[in-house]
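Please find one structure pasted underneath; my questions will follow.
Each chain carries a letter (A, B, C, D and E) given by its place in the written order, and its residues are counted from 1.
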Amino acid sequence: MSQEPLLKARGLYKRYGKVTALNNCDFDLMPGEILAVIGDNGAGKSSLIKALSGAVQPDEGEITLEGRRVQFSSPLEARGEGIECVYQTLAMSPALSIADNMFMGRELRKPGIMGKWFRQLDRPAMEKFAREKLSELGLMTIQNINQAVETLSGGQRQGVAVARAAAFGSKVVILDEPTAALGVKESRRVLELIRDVRARGIPIILISHNMPHVFEVADRIHIHRLGSRLCVIRPQDYSMSDAVAFMTGAKVPEAAEVAA
Amino acid sequence: DSACLITKTDTNPFFVKMKEGAEAKAKELGVELKAYAGRIDGDHEGQVAAVESCIADGAKGILITASDTKAIVDSLAAAREAGLLVIALDTPLDPIDAADATFATDNFKAGELIGQWAKATMGEGAASAKIAMLDLGISQPSVDVLRDQGFLQGFGIDLGDPAKWGDETDPRIIGHEVTSGNEEGGLKAMETLLAKDPDINMVYTINEPSAAGAYEALKAVGREKDVLIVSVDGGCPGVANVKDGVIGATSQQYPLDMASRGIEAIAAFAKDGTKPVPTEGKDFVDTGVALVTDKPVEGVQSIDSAKGAELCWG
Amino acid sequence: MSSDSKAATSYEEGLTGASEKVAEFQEKKTALGRLQHWLHVTPSAVPMIVLVAAIIIFGWASPNFFKAVTLSTILQQIAIVGILGCAQSLVVLTAGIDLSVGAIAVFSSVLMGQITFRYGVPAPISILLGLGLGTLMGLLNGVLVAYVKLPPFIVTLGTWQIILSANYIFSANETIRSSEISEVAPALQFWGHAIQPGGVKVLYAVFLLIALVAILAYVLRHTAWGRHVYAVGDDPDAAELSGVQTKRLLTQVYALAGLLCAIAGWVMIGRFGSVSPSASTGQLGNIQSITAVVIGGISLFGGRGSIVGMFFGALIVGVFEMGLKMVGTDPQWTFFLIGVLIILAVAVDQWIRKASA
Amino acid sequence: MSQEPLLKARGLYKRYGKVTALNNCDFDLMPGEILAVIGDNGAGKSSLIKALSGAVQPDEGEITLEGRRVQFSSPLEARGEGIECVYQTLAMSPALSIADNMFMGRELRKPGIMGKWFRQLDRPAMEKFAREKLSELGLMTIQNINQAVETLSGGQRQGVAVARAAAFGSKVVILDEPTAALGVKESRRVLELIRDVRARGIPIILISHNMPHVFEVADRIHIHRLGSRLCVIRPQDYSMSDAVAFMTGAKVPEAAEVAA
Amino acid sequence: MSSDSKAATSYEEGLTGASEKVAEFQEKKTALGRLQHWLHVTPSAVPMIVLVAAIIIFGWASPNFFKAVTLSTILQQIAIVGILGCAQSLVVLTAGIDLSVGAIAVFSSVLMGQITFRYGVPAPISILLGLGLGTLMGLLNGVLVAYVKLPPFIVTLGTWQIILSANYIFSANETIRSSEISEVAPALQFWGHAIQPGGVKVLYAVFLLIALVAILAYVLRHTAWGRHVYAVGDDPDAAELSGVQTKRLLTQVYALAGLLCAIAGWVMIGRFGSVSPSASTGQLGNIQSITAVVIGGISLFGGRGSIVGMFFGALIVGVFEMGLKMVGTDPQWTFFLIGVLIILAVAVDQWIRKASA
């Protein structure tokens, strides 16, 4: 490809005591694409995207966004650059309501004096918005939008996190196993949502263990193995079996097979 | 040469002045003074640790106002064994000969004086007085008990067990409350006792700060004029309060004097091993107590607030 | 070769026509059920019930208890603990704890007094300086907690000692007497004034406490900042990941707590008349405010509870103390029974919550 | 079927404030079978198995194990009856090591005096056992068996929980979405493991959103909808599309279709 | 019709021949890296380093500090706080806190003394009774925490007051003199005896402390019960779900803490000679032991830290206090500096941990 990557990483290392989570890892995300990242459990996928989104600082290596060298010291900085991320651990405040969580850090205030001077929150507006986004995802079993997040089922929680990222991401949306806990219907909606987001011109990084889904939506697939990028393939060039064989070490890709 | 001063706390102005007196004298005599204090009133362990530090540090003598007059005896015996001169200040030890010398006022006597004064001032009314007792703390340290029981003795109330307060049965006592010896505690305790019986007309307080607190509470309900407050200590703010009519009478003590005489004794001991001798007829060196009031009564010796202000500390 | 991916997900065609209704079930509508639900969603209700029960019991046991003057005395006795409790509540909601509240209050009051009397600064300016310095002490706590990432307990254990001894050192243990203050700097005693509707005195300090509780309740419930306080207490990592500026927020919370403590210090001057560095609030203010906070149902693990609950918690303690003394319990037994009642109050609270869960 | 169910529930209700998680729910587990439970997110699957394993107490309804009426007031009691459960939230102590977690509550002690009198733990034995069980599951990326669980990747953690349940379950093994966070290889191992457990004669309850896996291993499928059992089907009688249609409410099963 | 399920998972045939090796990476082997790793896996190392640094600094600042007698004095001064710290460590590891430790210790010592002197019971039996009653007080805490499910802070805040006032009431504020005890019941003073190798007195109490720390370190590290303590502190729900009898364990922990406090009470008699109900350990023991625990690196959120760290924590405080006194610091300045040093010690600890993470 002749285009410059939107988000690029070179030579990332991340060590936790004895454990090496990232081992000279490279990464490229092209503008407007859906890039899937696949790999065994513990291969270092989450560590990679945490490094990209500022949640951890890599020991070595550099990251560039739109050609500029960036160094995020917190997820908030990454968010300021328009990188929105759904972490595997979801990052929700259990005791707060769904609406509170969706708008955390970008709350809506009442119009007029109450909002401006007394900084009062516009709860009805936030609740309405939250309900809409959840309905878009097909999460119809949530009975009460003011429920505390801790009372949601695992899947419902994941749905809320995905809805939040999709609603607010502006430059890059990163999803770490967004459908892991979701049901058939809800997973399907997430895939549709991912396509919608790309249609808005925003590239997406999707980590998933669900091969059929990955092959269905991804433009390119980054295969991660033992802490670094093994190869990048295009779903139309390889079968799912090949991809699985690569990531588990059953087959070794030829150098030429790597999609630039 | 070095000397140690160990006080009960170093937050009570009484002990602060004691320290100042000791420091001034130590400087004059060229003695190095290290001051130690308990953490809170009644901090016995802190004092034990301080005694041990003094021994380890090779001091020549210890001046101590003991928090627990019985319990400290062991540690002080070890100090004397190690060749230190031990002088009890303000509070005699139990037994008193556990120290080489004692420079003290008689706290029971101090209480008795204000008790007698109060009784005489109230005259007829003393028989039907309603008395609020504002004490120090629920652990009842010895000064607390001595002053309280001395007051009751002077007022002519049966003490029950003189080693503790709170077991008296006389109906004139409306109640005992604890104050921690400061304004805040005095105020709260007084408010509470007033809620219990709004007709209180006699207030005993453990020290002058708590008396000032009690006065505020009385002022708040407009009764500051017809209630008698007595106290112990004789600090300068306290004497000023006697002058202003806040406190009716207070028993004045002389901490500066005790401390400087203590330092002198240690200096002398360091020089040639002489030990101080007790006051004639007593087993300690009495540094005296005087009743300060501007309304003297028959039969109780007293000085007025002007004289008190000359002698006051802090 | 993505044709096999098609096959792999072909079963999803079963989705066509899936229900789009939000699930709904009929609710129980019994009176008891509603009460339980109300108790559950109103965390401050339980301490309120305990409070009312306590008032009724003491009113029955002691004839003097039910007089307006007794009740106003209780209110004025909790004014300071209540304001410290506001500060403590904010900190505890972020899953912290502030042992230095009492020390900051006392030191601030000493600063206000000494700046006026020792350096001859006009009282209003000394008050502002005192409030500012109290805020700075809180800020110090905040910076150590948020940026140096030390546990709040140990930070404030340290600053408690530091501030309290600085207080003694700076003041040289000198008390400023009430009469001097009312002559020279009556502004220091402002909160000690009272209105007397129908002969019952109610201190300005009491109104201040109620106003502070109301304002903080609004802020915590209805502003973004308030929601962030809860979020940080709930799960700081999650809050950080979802876009709260955790460090800044924590610093603000501790600084605000410092300001509230300094206000409490100002109120202390009004209430006690004099300025004394050895006020027991310095030693006991932290335990008293934490007691109010916990009896009021705020979780020490952060993120749960309301400031109105804290207010009732402070009142419960005040009512117990006053009530026990009025029925003539001796101080040692009062201390004993308050211990028992602290445990009982929280046990009842826990029990009602469980029943309603 | 003429057999008596091993574990049976009738008329279970569980309400959380306004939310009804179980709504007159029935349940049957036959001896030696693999029973899959499927349903939308928030349908109440986790609530059901929590009620069965003692982690929550149902408001109404009764549960019988081997014909005896049982009422578990804690998961420990259920475990005492041989019911081993992997919860969706995993139930691990994050700061403790993998081996510590696997043996929590049934630690091995050193042989001889050290174990008997000084109650010393036999760490080498526990570590060896843990390593074996993880290898059986194919979790080869765990580099250090003494790692704290909190440092494991999401999938590794899930693997540890599954390994624990499979190793110790004696009467019923309940798995709540055991493969949700697992990779392709690891998921496959879990399916094999489930078959192994059944081969030991132990019945299994498997909650999963992965239809192909469910249809591959399940003997019967319990379809859960809106807090109660909608129907029970046999995978050979219905297609995956049908199952999906039932659970999302797109189709309504005829009464006769319910497998007894 | 499960043929479509076959098709749906056909891609899994790619698994054949998947690698079966456990992943391994080369490790950094630099000296610094190893040191960091060692610090990281040895949580008690950091307080030890702080301790050694403190000793060196004070030894340099004060000529008398580096004498054997000074060091043995420090050890004997921390004996009681250290034993209370053992009790506190256990409780804190379960994510609890015990404010009643000092009160239990003092009341137990009073019970031992009064049972001997007031009721004429032989000293060894009174000691057993005292230990038993201390355990019961701890048990009360445990039952309230584990079964009534009240927050530990509030439970022990309550029992602290209850036990302390019971202590004053029961003892009638009477001190039993050292000379009486050594005549009638020398067993009470057992831990006050000392061996004198080379003229330096080392109290039995010091050996007891070291033995208790060693035993508890073994129990926590090498027995199932110890691992359960950590698990409960880490995540009580998870521990319960994975088969720990959380309630029983918590009760045992608090009861054992009570026993340790009662032992501390016995040691107090030996150390101070006399039995005094107003010993300030009752008031300050909790804060002192918590300070030792936290400086020693045990997390107040439970589940992390070691009892050996607590021991070093207690020593650090002891060394600071003694050192500051010996260089002649005034008491308020000593409190001030100890406040500063508490914060510094923990900051250094935190910093090293971060560097090595």
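Keep in mind that, in the parts below, a residue touches a chain if its C-beta (ideal position, glycine included) is under 8 Å from a C-beta of that chain, and two chains touch if they have at least 3 such contacts.
Remember, it's a predicted structure, so these values are computed and weren't measured experimentally.
The chains that touch both subunit C and subunit D are A, E.
Distance between subunit D and subunit E, defined via averaged C-alpha coordinates, is recorded as 40 Å. Distance from the subunit B centre to the subunit D centre is 73 Å, each centre being the mean of its Cα atoms.
Look at where the CA atoms of subunit A average out and do the same for subunit D: the two points lie 29 Å apart.
Residue positions 16, 18-19, 42, 89, 140-143, 184-185, 211-212, 226, 239-240, 244, 248 of subunit A each touch two or more of the other chains.
Residues of subunit C in contact with at least two other chains: 4, 8-12, 14-15, 18-19, 23, 25, 168, 332, 335. Among the residues of subunit B, those touching two or more other chains are numbered 10, 40, 138.
Interface note: chains touch in the pairs A-C, A-D, A-E, B-C, B-E, C-D, C-E, D-E. If you check the complex, the residues on subunit C that touch subunit B are 64, 69-70, 73, 76-77, 168, 172-175, 177-179, 194, 201, 268, 271-274, 276-281, 283, 321-322, 325-326, 328, 330-332, 335. Every residue of subunit B that touches subunit C in the complex is listed here, in rising order: 10-13, 16, 40, 135, 138, 166, 175-178, 180-185, 187-188, 191-196, 209, 212-213, 215-216, 219-221, 237, 240-241, 244, 246, 314. Touching subunit E in their complex are the following residues of subunit C: 4, 7-11, 144, 148-151, 153-155, 157-162, 164-166, 168-169, 287, 290-291, 294-295, 299-300, 332-333, 335-336, 338-340, 342-343, 346-347, 350, 354.
Partner subunit D is touched in their complex by these residues of subunit E: 1-2, 4-6, 8-9, 11-12, 14-15, 18-25, 218, 222-225, 227-228, 230-231, 234-235, 237-245, 303-304. Here subunit A touches subunit E in the complex through residues 15-20, 23, 42, 211-212, 226-227, 239-245, 248-251, going by the rule given at the top.
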